[in-house]
Structure formats: C-alpha cells, structure tokens
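Dropping the structure in here first, questions after.
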Amino acid sequence: MAEPIMSEIKKGHIHKLLSTGKRVDGRALDEYREIKIETNYIESAQGSARVRLGNTDVLVGVKMEVGKPFEDTPDRGVLTTNTELIPLASPTFEAGPPDAGAIELARVIDRGVRESEMIDLQKLCIKHGEEVWINFLDIYVLDYDGNLFDACFLGAIAALRTTIVPAKENDKGEDYPMPLRHLPIQTTVVKIENSILFDPTLDEEKVADARLTVTTDENGDLRAMQKGLTGAFTLDEVKQVIDASLRVSKDLRNLMV
Amino acid sequence: MSGMTTDIDLIDDNGIRIDGRKVDELRPLKIEAGVLKRADGSAYVEWGKNKVLAAVYGPRECHPRHMQNPAKAIVQCKYNMLSFSVSDRKRPGPDRRSIEISKIISEALEYVVFTENYPRASIDVYIEVLQANAGTRCAGLTAASVALADAGIPMKDLVPAVAIGKADGQIVLDLNKEEDNYGNADLPIAMIPRTGEVLLMQMDGHMTMEEFDQALEYGKKACQMVYDVQKDALRRRYTVQGGNGDVDDEQSQNNNSEA
Amino acid sequence: MAEPIMSEIKKGHIHKLLSTGKRVDGRALDEYREIKIETNYIESAQGSARVRLGNTDVLVGVKMEVGKPFEDTPDRGVLTTNTELIPLASPTFEAGPPDAGAIELARVIDRGVRESEMIDLQKLCIKHGEEVWINFLDIYVLDYDGNLFDACFLGAIAALRTTIVPAKENDKGEDYPMPLRHLPIQTTVVKIENSILFDPTLDEEKVADARLTVTTDENGDLRAMQKGLTGAFTLDEVKQVIDASLRVSKDLRNLMV
Amino acid sequence: MSGMTTDIDLIDDNGIRIDGRKVDELRPLKIEAGVLKRADGSAYVEWGKNKVLAAVYGPRECHPRHMQNPAKAIVQCKYNMLSFSVSDRKRPGPDRRSIEISKIISEALEYVVFTENYPRASIDVYIEVLQANAGTRCAGLTAASVALADAGIPMKDLVPAVAIGKADGQIVLDLNKEEDNYGNADLPIAMIPRTGEVLLMQMDGHMTMEEFDQALEYGKKACQMVYDVQKDALRRRYTVQGGNGDVDDEQSQNNNSEA
Amino acid sequence: MAEPIMSEIKKGHIHKLLSTGKRVDGRALDEYREIKIETNYIESAQGSARVRLGNTDVLVGVKMEVGKPFEDTPDRGVLTTNTELIPLASPTFEAGPPDAGAIELARVIDRGVRESEMIDLQKLCIKHGEEVWINFLDIYVLDYDGNLFDACFLGAIAALRTTIVPAKENDKGEDYPMPLRHLPIQTTVVKIENSILFDPTLDEEKVADARLTVTTDENGDLRAMQKGLTGAFTLDEVKQVIDASLRVSKDLRNLMV
Amino acid sequence: MSGMTTDIDLIDDNGIRIDGRKVDELRPLKIEAGVLKRADGSAYVEWGKNKVLAAVYGPRECHPRHMQNPAKAIVQCKYNMLSFSVSDRKRPGPDRRSIEISKIISEALEYVVFTENYPRASIDVYIEVLQANAGTRCAGLTAASVALADAGIPMKDLVPAVAIGKADGQIVLDLNKEEDNYGNADLPIAMIPRTGEVLLMQMDGHMTMEEFDQALEYGKKACQMVYDVQKDALRRRYTVQGGNGDVDDEQSQNNNSEA
C-alpha cells in the first residue's frame, strides 16, 4: 500500500488549510464524502453491495457454503473475512498475497463484524459439531481514494444485510435471511498535525500522522478499535474521537435502514 | 466443455435458445468507457449476465526489470475472477486457467498497440470479472481494448471478441452458461473486422469442418457488432468529456499521470 | 521460456531462405523432423514414452492412483496433465513453479487429450461417486529444440496407449489396458512473415510471429485449437492450416499404430 | 475474545481472580536487558507465564531496497510465536495475526526512535514468544523498546504496554489466558507515561463508555509500573557493565558490530 | 546461513595457532565449551530443553498430538523434526522458509534420533493403523556462535528425556514418560587445514574446510554420520574422528543422566 | 532405513542376494557422456534399475547475484526426482530430502572443480532421476562429474560414488530397493580412488565398528570400479568425436555456447 511521497507543496497546502479548520475539498472535519450504496449487485453471491465513498469504490460479496464448525465452537457458523487490494484499483496495489496493510484492513473489518455480534452465528449451525454455514465475506477494492476502512465496513454490513442463506439449493430447508442482531458502524479519523478529521481522502492519508478506527453499536457501546500509523493520540484525543464517532455513526446507520 | 450431460433441451423446435435468443443472436451488450478514477484508462462491460471491469496503467516502468524490452513496450494483462463471481466460491489468486487467459489476451493486445513507441515500458491491463456467465475472456478482451483507447494509448484498432459454440448439435453464437456447461464445443475468437485478422482463437469440443466454417461466419458478423458497441462507448466517453469541465479535468489528470 | 534475442544476421538468414520457400535445415514447410518414440521406458510408471523430435527430447509418464471423483462427474476417472520445463533441458528454463508458457503448454496438451475424448473416463470409474482412477499425465522436457507442443502431445498419446491400469496391486480386480476410444493428433505451425511452416525448430520459434496448434481426430473432425504469440492469422490462413494439418496428421497417426 | 463460554467464575465474590490477583493488579513482571550475544541489543521479559525475547539488529542496510526511506530509518518488527509456545502446536511461519501485530508494534516503535538520524537504514526488531499466556503483544512491545535501548539506539522514551480487559462483566487489568479466552473484552494499549501519548491501541469485545474510562485509568497506572520495571532493567544492565570487565568487553563488541 | 567472509588477518590467526595445536579460546582440540542444560523450560510443550553451548543458545520443544500413522508403519508413532534459524539469533539468518543449511541440520538431527532408535515408536501407537502419537520436535536457535549440530542434538535428547505423553488430556489413559530405549550422542568436528577439532565456534566454522558429524549409541555402535562442506577427509581421518567421538561422547552422555 | 520390517530373506544361505548378486558385487553400471544437445555437458547413468541424467550449464553468470563469490565460481547442483520415477507419484518440486542431497552433492563437486578459474561465476549441475531404485544420490553424483568433464570444465579428478549397506545383518555393496527398504544400514560415500579422499559420506542405521571397517573396504574397491566406468564413458565420447564429423560439429557448438 506504499503510496509515493507527496510533494512538499501539496503537503504544505493541506497543512495550511487545516490550520484554519478547512479541508482541500471543502468538507467539515467530521463530514463524510457522498456515499452511494448499491445492494444485490452480484447475482452469483448470496449477498453483495457496491459502495462508493467519494471516489473510493469497493465491492463486497458474501458466499455461503455448508462446512464443518471449528472444534471449540461446534454450534456456530464460521466467518472468514478477506480483503483484496487488486492492482486495478491503484497504481500502488500489486498482485500477489495481501501485504501487511491489506491484512490489517481485513482483520479490523472482521473484528468490527465479529465483536459487535452482528451475525447470530448460532443460527448458522445446521447440525451441532458437524454442519454449519461457512460465510466468506470477500471485499474487493475497485478504485482507491482513501478511507478503505470505512468504505469496506459499510460494504460489509450492507452486503450482510441483503444476504439470503441458500438453504434450499443445499438441501437444508427453506432459504432465510442472514440472522442479524446488531447494526455496528465504524468510523475512521486521521490526525494531521493538530487536526483530527473523519473520512480522509487519499491525499489526506498520505500526510496523516495517526489513524483511529472506532466501531460502536446501536446502543452507543464500544465494540472494536484500532489505532494505526506511526503517530500518537493523547488519551483526551481518543475520548474526543469516540464521542464524535458516536455522533457521526447515527447518520451512517441511517443509510443502512 | 465440462463433460457434464443434461436432459435440458438447449434449443427448442423453433430454434429458440433457453434465454430466448436465436442461434445467431448476441446477448445484450453494454460498454462504458472511463469508469474508474485512479486508472489511466478503464472500461466496464455488461454482456448478458457477465460483468467485467478493465483498467489500464501505463505506459510505465516495467517490473520486473528483466522483462523489459529495449525495443518496445510489453503488454502485461492480468485476467482475474472475483471470488464470488462464480457459483462455487473461487479462491483468490491466479489459477492455471486465468494464467493462460492472461497470456493469450496479452498477446492479442500487443498486436494492436504501437508498442515501439514506448521502449522498455510496460502497459499493464487488469481485467476483473465481477460476475461470470460464460464468455468472460471475450468480454474481458473487449473491455481491455476500450480501456487502452480510454488511456489514450495509440493502437492500430480495437479488438472485439466473441465465442461461438455448439449446443444440441447446432452452431450457436455467444454461448451462455448453460450452453457452455452442457454444450458440445466452444470457439472464442478475437478478430479485427476491418482486416479479418484473427488475434485470439481457441477451440475445444467437437466440430466438423462444415460446422467450423459456419461458426467462423457467425463470428465474423458478431465481431463487427461488438466492434460497433466498442466504438459507440468511446464516442460517448469523448462527447461527455467535451461537454463537461469536471470530466475534462479528470482526463488531464490522467494525462499527467501518464507523463 | 524467454529465449535470448536472436542475432539480426541469423534472423535475416531464416527470413531470406523462407522467402524462397526453404528452411535452414532443408525441410519442406510441412515436413516434420525425424521422430523416435520409445514406449515403456519407465518401469515405475503405468505407461511411459520418450519422444525425440529432432533434437527435442521429452519423457512422458502416466501414474494412476485410486481416488475420489469430482462432484460433478461422479462416474468418471480424473485426468491431470502437468508439464515440467526442467532447467536440465535449456539454459532458459528455470527451476520453480511453471511459468505462463509451461501452463499454456500443459493446458493445450490436456485439452487435446480431453476434448478428443481419447480416454473413456467412464471406464475408469471403480465405484460411482466414491472411487475412480486418477491419471497423472506428467510430461518432462529433457532437451529443448523447439515445438514442444507436438513433441509433448506425441509423448502423451504414446504413453497413454501403453498404459496398464494397475488394478491388481490396488485390489481392484485384474489389470487392463487404459480404455481408449480415439486417436487424436496435434500439429503446430508458426507463421514467419508470410510463410507458414510445421514443426518449427527453436531458431524458427524465435523469429515466429504467430503460432497455431490444431488437434483433429481420426474422422477428420476438429477437437481443439490454440492460437498463440503476438501475430495474427487471416481466416483464410486458419483454414489452410487446418487442411494441411489433416494431411500431415495421417503420417503422424501412422507412427502410433 | 473467542466467543467461547464457560461456567468458571473468573472473579470470585471477594473480587479475587482465579490466579489470586485483584482486578487492578499486574501479573509478576521481570525484565532483563542484554541477554543475547549476537544481537546488537536484546531483552527478555517474563510476565506471568509469558516468556518473550526481543532482539535488535541495526541500524543496518535496509532490505528490500525499495523499502528504504531517503529521509530516515524504518523500524521493521517481526513478532513470532514459537511452535510450542501455545497449547495447540502452531505451524512455523507468519500468520495473519502475527503480521498485523508486527505492523502495529513497528509503528509504535517508530514513533520513539530518532529515525531521522539514520537515513535509508533499517532497524530490525525480532520478538519471539517462547511461551504465551495472554498479553504477548504487550510483553513483546515492552521487551522491544528495552532491546532498542540496549542496542544504544537514540529514543525519545521507552514504550510500556499493557492490556486491560473485561471478565465476568468487570474491568480487570492484565488479562491472563483464561480471562482472555472466556472474557468479554480486550484492550491492549501502549502509552508513554511522561506525555500520556498512546502509541498502540486496539480493542475488541463489548465495553460501555464508563467501562472504557475505567479501563483507561487502569491502563495509565499500569503503564507507569511497567515503565519503572523497564528502567530498572536498563539500570541493572548498566551497573553490571560498569562493575564487570567481561561484560564491558561484550558491550564494546556490540558497538563494533553496529559501526 | 551465509556468514560474511572473515578478514584474512583473523583467519591467519586461527590457522597459525592451530598449526601449534592451539585454539583462539584456549580449548584443547577435543574440548567442548561450557554446556548448560535447562529442562522443562516451556510449560506449553510436552517436553523442552534450553541448551547453551558456550554462546550458542538453542531452545527445543516437543509437542505431541494424536493423529494417523503412515500407511507403511501402521503400528508406530510419527516423528517430525524441524529447525528454525530465526533472525533473532544472527544477523545472517533470514525470515522465511528454511534454507538448505537449516534443512540439512534438521535432517541430521532427525536421523540421529530416528536411526539410533532412541524412541520406541511402537509404544506410541494408540490404535493400530488408526491412531498414534505424532511428535513434533521443534528446534529454535536463539543465539548463534557455531556448532548448531551438537547444540541442537543435545537439546533434542534432553527435551525428549523430559517429555510426558499427554494421554490424559487426550482421553487416552494415564500420562506416561516418552518411551526411550537408547541414549545416542552426536559430536561434530571440523577440519581446518590439517587440524581436526571438536565443537567449533562460529569463527572456526567460517574457516573450516570440512565437517564430520558422528552419532553413536551407548554401546559404541555407529548410528548416523554426515560429512559436510567442500573439503575432504581421508579414510584414516574418518576413523580417527570416530574413535575420538566415542571418547568424547562419554562425557556428553554423562551430562544427560 | 525406513523402519519397515519384512519376512523376506534378503540374502540366502549361499550368500546370494535377491537379485542374484554376491554381497560385494555391484549392479550393472552403464555410463554415457554427451547425451543432451542444449546442455554444455551431460551424462546418462543406468545403474541397476536406476536411470539418471545429469546436465551442466556454465560457467555462467551467477544468479542470484548475492551468491556470487568474487574469488571463485560456485557449484550449484539441483537433484530432482521425476514424478513417476518412484512407486507412489512424487509431487513435482523440491522436497527436504532433495534439497539436502543437492547440497552435499554440490559440496562434493566443488572440491574437484578448479573454481578459482571462474570468479563470480556459477557452474550449474542438474541431476534428474528418471527412474529410482536405491542409490540415486550416488548415481547422480557419478553422472554429474562425468557431465562436468563432458562440459570441458577443469577438474582435479572424477568423483565416483557408491552406497554400502547392511541387510540381514551382513554388510553388502550397492543396496537395491528391497535392501534399502528392509535393510539395517545405509552408507553412501564418494571417494577419489587416487587419493583416498572422501568427498561425500552419510550413514544411517546401525553398524558396529567392525562392520563399518568392512563397509569402507567394499566402498574403496567399488569406487575404483565406478571410476573406471566413468573414465571409459569419457574415452568413448572422445573417440566418437574423433571419428565422426557430425558429433564434432556439435561439440564445437557446445564450445561456442560456453564462450
């Protein structure tokens, strides 16, 4: 995911604007770019969503298979989350196995979905200890202009919310909607010098010092967090980010319903 | 041809196929150029239930270095199916089939690109199959040449492609998934209509010589049709650019990133 | 498979000769080099053949194991074709996983064998849906002087024709010969400027613009084709090549019987 | 949080945990600096039943080359668990979890190292978990910053780390393995006590805002305690060197190998 | 494992001393460095040992699982030996799959344990043809100052001698000690010009011409040997090394009891 | 020694082995030099039921670069078994056994090649086992040194190799497959007869000192015999060249490709 180093002029421009509370594209610090969500985009998937967050474009598909449960959770379905930063999406993405950045992204999305207990995995058990539904949550980035964390998470929950368990074609009874319990929302900020801003563009990411991703549920409880990059947040900043995240999440959650 | 058999009639007594087409009829084809922001050129193809994206990056420095050709650019295509594009989830990453398809599409594209303009460079073409329903290599190649044109790369011509096949013992144009699964032969070709030059051709299955001649006839006509849709997509892309300052900017951005 | 670029002088020589209908080694355009086939070369294989096509030298072995059928063909044996361009055979072959050229080669050989329905895979079913014969058709190139497509295909069919199904040592009844139905033949031409010639040597391959491989059966029907390289054929050229292939195949088929 | 459930009471009615600790009590922590000969710097951490080694090599030439930064050194940490460090044998080699942990530890360490002193160089940090019992990423980061100091690499400060969690519905400091397996939340943090800067923070599970505030309070105090043990380890390492010619030699050898 | 080339001065110093029968660290030619063995070092392993041989430091763990036997040894447990030259231990060790040196090391340790018939593998059969104990003997080098062959072998036998078969937690009856029959000892010499010396340090290894590892049992019989490096031994030298190995092994064997 | 047991008598009461040989008798050995066209040097060895090809390329540029030695060439041998060379199909690609064998054969060959003649170069040796029947590493090394000589690479001497073993409690020369599978010990050695220098030696199994001495005696004599067959193969290769214009041409071609 290594992007070429940004010119000092462009960098200075972002810094200077931010010092007066402004962003290059005119957004408020806690304002998201335009979000377009198209669900059921892929017929060959059990659930899917294409999400555009400004110029960032991701496609998420859910495939379900019948398989064996893990030994220590014999009564639960299995969730596998995968992100693919395919070279179609950016001159800096390379073919081959996912790099550390792609792995971190996949694991953060996975924890947001898993730890929010969004999916009722026990309802995806077919036969205790023998047969459960295996869910492959596969996320492809098609066009990369920053904030993959939030674009991918929105795509993941939108796809899951339209997923139909393919019971019939697997001789496991009637089809039914993916059993969901919660509606988690994830938001990501970056810190640039002393400014903290939501939904960074690629240019903003390039000059960012630190990143903080926060996942909360519809009750306003924390479900997952991930700090990234080589900068630091103070404890106060962390608390402010969480407060702002709870506020911003309400609008994002409304997109889903 | 998978070797599977079925009781389904693929063509009824009136010569109508299961999706309602006649034997020499294409599935609906829609092409849009310039659909991605980061890529230097791009195209989206919807062909029946196939959904395919193509992006072009370059000419840019060729990696790995030992692949560089001091006399000309090389065209490196990567054809890839998304995991959920097919019935059974496909494991991410290239398999032998996609490596072969990438190779023959690269070769077909290299014929039309004026590669001698860009010594040592690489022109990278990425084809991503979002949803697959038979004929994805032809849809991908069709999308790729539009994306090359969208990237402003000088080319002899566009490359339309189509598959002809045999189902229920009859030659049919543009196989769908059921015909591909239960049919008797598959013959994907790419041909430049203006010159009649064949740039890609594969065949598997069973065809008599008469059937093969029939298939080529269908293929010739269909390549012309696909070509017209390609041209139209580029014309629309161009028109939009002319009338829209915003898109103009984006285009000039692309030019910068090529430089 | 990248061969070093040929000197312009050598290239010019080939071009000049061809413009008068001649080849460097004096062969006619549709003439094959000397072919030597040695079957049952390897005792540890169920079938084997070493084929020398001029200086090109390949060794093919067939190994058979009892295994599970694919889900969608529960009543058929399984065929797996593999080509290994080992570094012993050429200074340009490298150790490691097969490159795109080796994969294309293996897949073309595989399609020629499979689509000709040469092997009666249904007779390689032991127990419907449970046990079938798995055939590994492994092709090693020992010395590389061009036209691997045809040398490997000849080796493949020669090896298959001498294969004995090892039923006895697997407790599956009496041994029997590999059940074969057809005798496909594959021919390969390259186009160099305006000339089309069969069985190219390595030097001829290095200056070739386009390649066309045609597989036909004993009834003169098409079974498989593959166009390769960055040049083009006209439709008329394709038809001429197929006609010539049918003619040439008769001689090659006679080598097998 | 694994999603496993249990009948075990993780905290008894007197607020005592299964290993006898109070909810805000750390497990025994022991740190030793300079434990390896070949490495430029090293540290051993024993934290409850965790046993972790960290080694530092560098600043040295950065491989692969394209990772070099012309303005500063990069910190490349590799966190690894030995195959027998966990209950079920772990296959050798990096898995996705260890790649993620390596990344966030590298980032946390890069903040404190004066990387601008060593343009184009790499500072390589290896963390090997010999025995694991919950909290190994914190133990590893804690060991790594001591090893960096032992290697004589100029740093803003040491980086203490600790995990706070939730078990039986209560916030508890420094989860052990049972609490990690059957608990409700896990919150590893690394914080510089002097400045209150958070360099590493992850969280998974379920916490209300009040619980989160409580957890941060525990974390702040604990990071100070871990920091004191780190300082003490370096002081002992230094003292020994002063009083012991043999060890002195070894140190000067290390310095040579850095040059 | 490629170590940087040693300075000619240092090399000359080693050579010069050896020509008078002396070593840089003052040891006799057949003298080992100080050996410290700490067993039961890792609770999460069924057996473990940390061995320090001078500054060389290795950690060995034995993990046991219930699994399937190999088809041709249905009544025997399975032994798998693995060595990891992790980059923590030396500036020349690289992350990634083991190189040829690490593989040779693992295979020599494995043969020493296996061919000495140290473990009674038949007593590690649970159910004939179905269930046996799988032993993973995993060896990690923590600090590298030469003679990994002997340090690792000492660690391996020390770990095996403290291993408890975890029958109880696997519902296979009561725990019992690893069934051992023999106590093999391995010694390694290197040849530097005309000198042959035991337990080489890293500096000595760097100037060594040839290496010979000899494994003998408590009866003085040969169990395994491995000659390494690009130099040669005469047959007489081989015999002398074996004689000396038998002598030296007695002391090493005493460390174990 | 695989640990398998059998009821088969490997040696009968008259001291005759199952393939009719006496205990100190070699299997039939046939060596041919110069059997491949592309390689700079090559040899084919048929030894009992073993069939082994060896090819030499080089001296040529050493890849990867970091392996280059500024003072001399390195010898890089790759030993490989074809998938169908053994009873159960072997997956293509190197396994741990073949990596170890490649290493010790490389080391043995490096001793005899005048590597200092070719600084920075690599001499690449490929050994392919077409059919295996115990003793393939010795057959491979025996073939490799003939191929090196055929490539015209200056060497101190040829390297003959042979395995001695123990079966039914007796020391026997040149184990066959059954003796290898069900025997008690295996001792492959490579020795230069002229000097008595041992270049390769491995042993596994169980041998008393007396048995070992006996085995070395057998080995010494056998290496001389193998050496004579090697010499003879090269002599025949040379003779054929002298008397046959066609082969002469080919040889000069090889020389060109070395230059």
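When the chains are written out, they are named A, B, C, D, E and F in that same order, and each has its own residue count from 1.
By definition in this document, contacts are C-beta pairs under 8 Å (C-beta built on N, C-alpha and C of every residue); 3 or more make two chains touch, one makes a residue touch a chain.
Given the structure is predicted, the values throughout are model-derived calculations rather than measurements.
S.K.: Kindly list the shared contact partners of chain A and chain B, in label order.
M.R.: Neighbours common to chain A and chain B are absent.
S.K.: Shortest hop count from chain B to chain E along touching chains?
M.R.: Shortest path length, in steps: 3.
S.K.: Moving only to chains each one touches, count the minimum steps from chain B until you reach chain C.
M.R.: So the least number of steps between the two chains is 1.
S.K.: Using mean CA coordinates as chain centres, what's the chain A-chain F distance in Å?
M.R.: Using C-alpha averages as centres, the distance is 58 Å.
S.K.: Between chain C and chain F, what is the separation of their C-alpha centroids in Å?
M.R.: Distance between chain centres: 32 Å.
S.K.: Report, in whole Å, the distance between the mean C-alpha point of chain A and the mean C-alpha point of chain C.
M.R.: So the centre of chain A lies 49 Å away from the centre of chain C.
S.K.: Can you list every chain round the ring, opening with chain E and moving on to chain F?
M.R.: Order round the ring from chain E, first step to chain F: E, F, C, B, A, D.
S.K.: Could you list, by residue number, the parts of chain C that touch chain F in their complex?
M.R.: 41-45, 48, 55, 57, 59, 61-63, 65, 82, 84, 86-91, 95, 97, 136, 138, 140, 142-145
S.K.: How about chain F: which of its residues touch chain E in the complex?
M.R.: It is residues 1-4, 67, 96-97, 99-100, 102-104, 107-108, 110-111, 187, 191-192, 195-209, 212-213, 216, 220 of chain F that touch chain E.
S.K.: Given the complex with chain B, which residues does chain C contribute to the contact?
M.R.: 72-73, 76, 100-101, 103-104, 106-107, 111, 114-115, 117, 121, 212, 220-235, 238-239, 242
S.K.: Going by the contact rule set out above, which residues of chain D touch chain E in the complex?
M.R.: These residues of chain D touch chain E: 36-39, 49, 51, 53-55, 57, 60, 78, 80, 82-89, 92-94, 124, 126, 128, 130-132, 257.
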